[in-house]
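Next up: the structures, one after another.
You will see subunit A twice below: alongside subunit B first, and alongside subunit C after that.
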Partner chain A sequence: MSRPFPYTYVSCPCADTPVPDPARKRKSREGSQKQTPEQGEQTAGGDSKDSTNNEHKEDSDEEEEEEEEEEQTFDPRSPRSNFSMYPPEQLLYCEDCHQIKCPRCITEEIVSWFCPSCLFETPSSMVKSDGNRCGRNCFNCPICTAPLAVSTIESVTGGGSQQGPWVLSCSYCMWTTLDIGIKFDKPTNIRSQLQKMTDTTAAPPFDTRTRQGSRAFADLKSPLSNLASVDEQAGNREAPSDQHITKQDQTATPSNAEAQFAALKSFYRNQISETSTSPSDPLGSDFGFSSPGALNRLMSLYTSSTRLGSLYGGNKKAKSKPPVMREALTPSEGLRISATPNPDPVISRLRSAEGGWDGVASIAQRAEQSPDVRFTDDLLPLPVLLRTKRAKRCKACKHILLYPAAVTTAPGSPSSTSAASAPSPNPDLNALTPLRPIHVLLTLKNHMFDPVRVTLATPSVTPGRVASKVTVLSPQFDIGANSDVWDEALQGASAPLTTDPKLRAAEKVPEAGKVWDKGRNWTTVVLEVVPGTLPSSDADAGGGDGEVRSGAGSAPAQPDEDVLEIPVFVHMEWDAEGQLEQQDVGKASKPDDLVARELAYWMVLGVGRIQPSF
Partner chain B sequence: MAPKAAKGEYIETDTGNKISRRSQIHGTQHIILGGKTVIQAEAVIRGDLYRLSSTAASDPTNPPAQPNTPSVAINVGRYSYISKSAVLRPPSRLHRGVHSYYPLKIGDHVFVGEAAVIEAASLGNHVQVGAGAVVGSMAIIKDFAVVLEGAAVPPGMVVPSWCVVGGEAC
Partner chain C sequence: MATLKPPPVQHRSASPSRTPTGPPKAPLRADPTATIAETAVFQGIHPVSIGAGTIIHPRAKFYAYEGPIIVGDGCIISEKVVIGAAPNNPARPSHAPKESTAAEPQADASNQSDTATRLSYFVTIGPQATISPGAHIHSSATVEALARIGRYAEIGSHAKVCAGCEVGERNAVDEWVVVWGSGLGQRRRRAREAKGPGPAVVVAAQVAQAAVPGPAPEGKLIEDARLMVLQKEREVLGRMIVPAGAGKKK
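The block that comes next holds the complex of A and B.
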C-alpha cells in the first residue's frame, strides 16, 4: 500500500450490498437487453459508471456467495476488498441511511461557480450564457498561465488622476498585451473590451455583449439554413454552394469560434429536427438520433440502391424517402475553410530568424486558444476558468451529506468515528521481527455529540498465508461525546496528567480488559500482535534482502504479502435523538426520547511489514 | 514551564514566541508576532522593508495613513512555524511610479517550510508552504491551502482555500 505505516482503511459496505439506486437499476436492466450505450446517461461522472460495471460483474456470482460471506471475516487481501477500502477521511456518513458512504455511493452536484482568482461567485445563468470563465478582470497569461495584472503603460510618476492606456501584464514571464498590440482604454470590464477587439468583423449588430450578439446572430441565421436544407431536399444540388456563399457572406459570417460553434449547433439542430420528424419515420420524433429506430433508418440508407436516384431524380421520390442529413455548406451555417489558403507566408515565417522556434506557440498554449493560432503573437489572454463548489448527496436517499458553505470554510468532517493506530514500543514498522509480539495502540475518536459504546473484534489469526496472531486486550469500551474542548482543558487542570506520552508509555503495562488511555472523546486500546513468519523464509534462508524468493515447496510470495494487515470489525452503539423519526410520527413522541443507533464496519489496520526471518 | 537555559538556541518572548538566536531579523519594530510562533535558525525576516509613510503622504489623492504609528511590515499570527533558512519579505509593487512595500500578513497555524521564500501579501490560517517553495509578490493564499515543495506561486496569484498548488507556471 502506498501509505506509510501505520494506516487505516475502512471498508464501505456498498461493495457487498448494492445501493438501491433507481437510475442504476434501470440501467442494469437495459444493459442486459443489449441496447444502445447512450441511454440512461443522466448519472454524471465516470465513477458511477464504474461502480455499475462492478455491480454487473458481481451480480452473477453474488447469489452463491452471499450466504457464506455473511459470516466470513473480512479479508483485506481478497481482490474484491480492494474496491471497498477507503481511508477514513474519504468517507462520509449518511444520517438517513445510517450507513458509511464511500465516494462510490455519493453523487455530486454543482452548487455554484466561482472564480479562483477574484473569488466571486458566478450565477449559473451567467455560466450558461457566457461560458465558464470569469467575466471580470481575471486573466491568465497565454504564455505561462500565471495571472495577469492590469497596469498602466505610463509608469511616469504622476500626481493627479492618471488615465493612460492600460495593459494586462504578467509579472512571472513579463509578457504584456502590448506584445500582441492590445491596449485598453479603461481598467474595468476588460473582458468585453477584449472581445470587442478580437471580433474582427465590422458587423454592426455586435455591440456591447458579444454573446448576445452571437445569439441574435444565430436566430437570424436559422431561417436561412432552413431554406438551404429545403432547397437541397428539392433536389437542387447542382451548383448550390457558390450561390449560398456569395449570397450569405455579406449578411453574416461567424467571426469568432464561439459564433461559429453557435452557428454549427443551430445548423445541426435544424438538420436533426428536419430529418427525423418526417412521416416515414414515426420513431424519429420520439427518440431522435440515439434511438434504434434511427439506427435502422440510417442502415437502410446504405442498403437501398435507389438512394442516389432519389437525390438526383426529383421531388417525386423525395417525399417517400427520408430526408438526408447534410453537412454545413456555407459560412453562415458554420462552415469554415482554412484561413490561409496560401501557406507560403506561414512557412517563411517559421523559417525566419525572428519568428522561428521561439515564435511558435507550444501545444499546451495552443490547446487553450482558438484552433488557428500558430504563433505566440496570436495568443490572447485567457479569462480564468471558473471552479465549482459541489454538494455531496447520498445516492440511495438523496440526503445531502456535505454542503459547501463559503469559499473559505472547511468541508465537514465525517461524523463517524475515525481511527488511527500507533505502536507503543516504536519498533521499525518496515521491518517487524516475526514471532516477536508487539503492542499496537489503537485510538478511536468520536466526532459525534453522543457517547459511543464500541466493540472490536478481530480474527485471532490474520487471513492469508502469513498468519499473525492478533488479540484485542479490551474489546469493549466506551468513548465519550465530542463535547466542548474546554471540558477537557478544565478536567485536565484538576487531574494532573503526565505531559510526556512516551514517559507514560514506558511506565504502563498493557493489561487485558483495561483500556490503555482515555480522553474527552477518544479511547486508546492495545492490540497484541505476533507477526507470523513469511511462508518461504524457511525454505530460502539466504534471502537477506526484503524480497522473498520462492522456495522449493511453497508457492511464490505475492507482492506485499509481507505487509501485516489486521482486519478489525468495529461495532458501535449510541443513543441518538430521534429527530427524523419524530418528524415522521408527527411530534407525538416525547421530546427527549432516544433512539438506539448502531454502526458496524470492517476496518483494516496496516501495521507494518514483516521482516523475512533468517 | 521549562527552566530557561542561559544560552539556549531559542529566545522566548513574553507571548511565547520562540526565536532562534541564529535567525536574522531586521526591523524588529515593524514585525508583529502573535505568540507561540517558532522562528528557526537562519530564517530571514525583513521587517526593514516597511512602507514609507512619506510616499503615501506625498500623494495628494491618498490621505497619509497613520503618520505616527510605525507601519507594520510583517504580521505573523499564532502557532505559526517558520522553518530553517526561510525568507519572509514584504511584497512590493510599482504603484504610480513609486516602488513601495506592502505589509505581509501571515495567519495562525501556518507552516513555512525550509528555505521557502514568502513574498505574499497574505497567507491565511492553516496554510502549509513546503520546503523550497517560492510565493511571489502580492500573492494571496487563503486558508488551508497547501503549497507543495518547490512550487513557484507566481506574483499576484490568488489561491483559494483548500487548494493545493504545485509546480511552476511555465
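The block that comes next holds the complex of A and C.
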C-alpha cells in the first residue's frame, strides 16, 4: 500500500454486497479450519445481510448476524476489500445510524460560497445571478494568475494623501492595470468599476445588470423567431426583417460576451419551445426534446430505410415536414461574425516588436477571457473564483455528520486506532525476517465520553499464501472515557504515566492476558506476529504450518504479496445515554436511561514487508 | 541581522593576502558607504569592487576567478547569492573566450573585460540566486530568489527575472521585460509609456455613448514607485545591519 508502515485501514461495511459471493466464502473457509461446522448453517441461511455489518443491534436477527461474523474472515487481499478500506481519518460516524460512514456513504452539500482571497461569504442568490466570482476587490493577474493588489499611484509619487487614481498590480510579474490603460477612481468596488468600463450594455451596476440584460434581449425578439421553419420564412425574409436588423444593430448589439450568451440562450429557448410545440408535428406536440418522442423523431429524420420509417414515423409522405430549428441569424439573436474583416492590423501587430511572440496571449491566458482576445494587452483582470464550504450528510438518514463552520477537528469513528511498532529489538518494518516473532503494539484511542469495552479478534493465521501467525495477547480490555485532559494531570500525579513510555518499554515483557499500557482514553495491547515465509523460498524454509494452502505454491509471487497485513475484528460496547427513545431495545436499555451500544468492524493492520529469506 | 558587523573595509582592501592554505582572497575595493556583512565571501584573483550604498547580506559569495566583479551603487545582494563561479566548477564553457586554456586566470586586459561580471545601479538580487561570470545586469533590474543567470547573459534595465527562472548562456533579456513562469519561462514586456484604453473599454464607451476615458498614467510611474520603495528599504537595511558603526562610516 501507499502508506508507510505501520498503517491501519478500517473497512466500511457499506462495501459488502447484498449477494453472497460464493468464491469469497470458499476462500475464507479454506482459510480457517475451525469455522467449518458453521458452514452449512450459513449457506442454508443465505441471507443478504452484510457480513461485517452488525452495528444495528436488533434482537431478532442478532443471533444470525453474529454467527455470520464469526464465520467470515475479512481478507485484506481480496479484490473487493480494496473498495472498503479507508484510513481512519477519512471515516465518520453517524450517531443516528450508529454506523461507520466512509466517503461513499456520505453526501456533500454546499453550505456557502466564500472568496479564498478576502474570505467574505457570498450568498447563493448572488452566486446564481453573478457567477461564482468574488464581487469585491479580489482579482487575479491575467498574465500569471497571482493575486492582484490594489495600490494607489499618488501616495508614492506625490504627497501622502490616499487620493488619486488606483491600480491593480501584480507583485510577481509586475503587471498593472496601467498596462491595459485602466485606472480606478476609488479603491473600493473595483469589480463594478471595471464592469462599468468594459460593459457594453450601458446598464446599471453589475449586480442587477445581467438579469436586466437578459430580459432586455429576450424582449427584443426578431419577427423571424416567430416563424417555425426556415423554408417558410425564406419568402418574406427581405422586406421586414432586414430593416429590423439594421435598426437593432444600431441600438443594442450584444458585443459583450455575457450579453451575447444571454441572447443566444433566449433565442434557443424560443426555438425549442416553438419547434416542439408546433401543431404540425404529431410527435413533438406531446413531448419535449428530452422525451423518447424526440428520439423517435430524430430516428425518423435520419433514417432513410423505409422499414424504420414505417416503424417510427408511419407514412412519411402523408406527414407534413417537421419544423426545423434554425440558427441565430441576427446579432440581436446572438449571432457573431468575426469582428475584424480586415486582418491586416492584427498581422502587423503580430509582426511588430511590441507584439511578437511575447505579446500574444497563451492558451491558458485566453481560456478565462473573452473569446476574441488575442494579445496580452487585451487581457482583463479576473475576479477570484469562489470556493465552497460543504457539509457532510449521512446518505441513509440525512443526519449532518460534519458541519464546516463548527468543526475544528474531524470527529472520527468513536475509536480510532493506531498501530505502533514493536519493542526492543526494533525491526526494520520494510524487511521483516520470516519466522522470527515480533511484537506489535496496538493502541486504541477512545474519542467518546463513555468508557468502552473492546474485544479484538484476529484469525490465527493471516489469509493468503503467506501465512503469518497472529496472537492477540489480551483480546479483551477496557478503554477509559475521553474525559477532560486536566483530569488525568490533576488526579494522576503519582501515576507512572509521566515516565517515558519508551523507557518502560525497554524493560517490559509482553504477557498474555495483560494489557501493555493504559492511559486516560487509550489502551495498548500486544500482538505477537510470526511472519510467514514467502512462497518462492518456502521449499527449504517451510516451517510454518499451511502456508501453501491454495495448491499454487509454486506460482510466482504476486505484487505486494510480501506485505504483512493482519485483519483484526474490533468489537466494542458502551453504554450511551438513550436519546429520543428511538426504538428502545427492551433488554438492552438500562434503568437509568442508558442504552447499550455496540460497534464492530474489520480493520487491517499493515505491519510491514516480509523479507524474502536468504 | 544581529550578526552583521561593519565591514572591515580597510583591512580587506589592503592586498590579496594569500594564505598558503585557504583560497585566494579577492582584492576588494568597496565604497565606504557600502554595507558588507562579515560572513560574505570574496574569493578569487581578480578585483571585486562594490559601489556606494550597496548592501551585501551574509554568506553572499563572490568568486572572481575568471574575471573581475563590478557591483554598482545602491544594489542589494541577498543571502547566499553566488556571483561568479567557484574555481573547480566543471561547467566551464567550452566555447567561451579563446584564451580559456591554462592562462585564463592570469588573463590579459582584453579577456578581463570580456568575463567581467557587472551589476549596474540599483540592482536587486534575491536570496540564493546565481549569477554566472560574464553576466551583465543593467540598472534597476531585479533577479529574484533562486534564479539563475547564465554566463555572458545580458539583463536589460528595469527587467525582472522572477523566482526560480533561468536565463541561458549568452541570452539577453530586453529592457522592461519580465521573465516569469518556471525554467526558461515566459516573457512579458512591461508598459513603460502611457497606454491607451484597451479595446473592451473603447467598445464599451462607444456603446454607452460616453467619452473614452482619458489615458492612464504612464507605466513608468509604477517603476518609479518601486525604486523609491527600494531606496527606503536600503536605508532601513543599512541602519539595521550597522547599528553602531553607521555614524562612524558616514
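We adopt the following convention: the second predicted complex is superposed on the first by the 418 of 614 C-alpha atoms of A that agree within 3 Å, B and C clash if a C-alpha of one lies under 4 Å from a C-alpha of the other, contacts with A are read in each partner's own complex, and residues count from 1 in each chain.
Here is the rule we go by: a contact is a pair of C-beta atoms (placed from the backbone, for glycine too) under 8 Å apart; a residue touches a chain by one contact, two chains touch by 3 or more.
The model shown is predicted, which means the values in this text are computed figures rather than measured ones.
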item: Residues of subunit A touched, compared between subunit B and subunit C (which is higher); value: C
item: Touching partner for A:378 - first (subunit B), second (subunit C), both, neither; value: second
item: Touching partner for A:198 - first (subunit B), second (subunit C), both, neither; value: second
item: Contacts of A:102 with subunit B and subunit C, given as first, second, both or neither; value: neither
item: Partner chain in contact with A:172 - subunit B first, subunit C second, else both or neither; value: both
item: Subunit B versus subunit C as contact partner of A:354, first or second or both or neither; value: second
item: Subunit B versus subunit C as contact partner of A:144, first or second or both or neither; value: both
item: Overlapping contact positions on subunit A, where the subunit C interface meets the subunit B interface; value: 143-144, 156-157, 172-173
item: Subunit A residues touching subunit B - in the complex, by the definition given at the top; value: 114, 116-119, 141, 143-147, 149, 155-162, 170-173, 387, 407-411
item: Sites on subunit A touched by subunit C in the complex; value: 143-144, 153, 156-157, 165, 167, 169, 172-183, 196-202, 253, 255-256, 354, 358-359, 362, 370, 376-378, 380
item: Residues of subunit C defined as touching subunit A within the complex; value: 160, 162, 177-178, 180-181, 186-191, 194-201, 203-205, 207-209, 213, 215-219, 221-222, 224-226, 228-229
item: Complex interface listing, subunit B residues touching subunit A; value: 59-61, 94, 96-98, 124, 136-137, 142-144, 154-163, 169-170
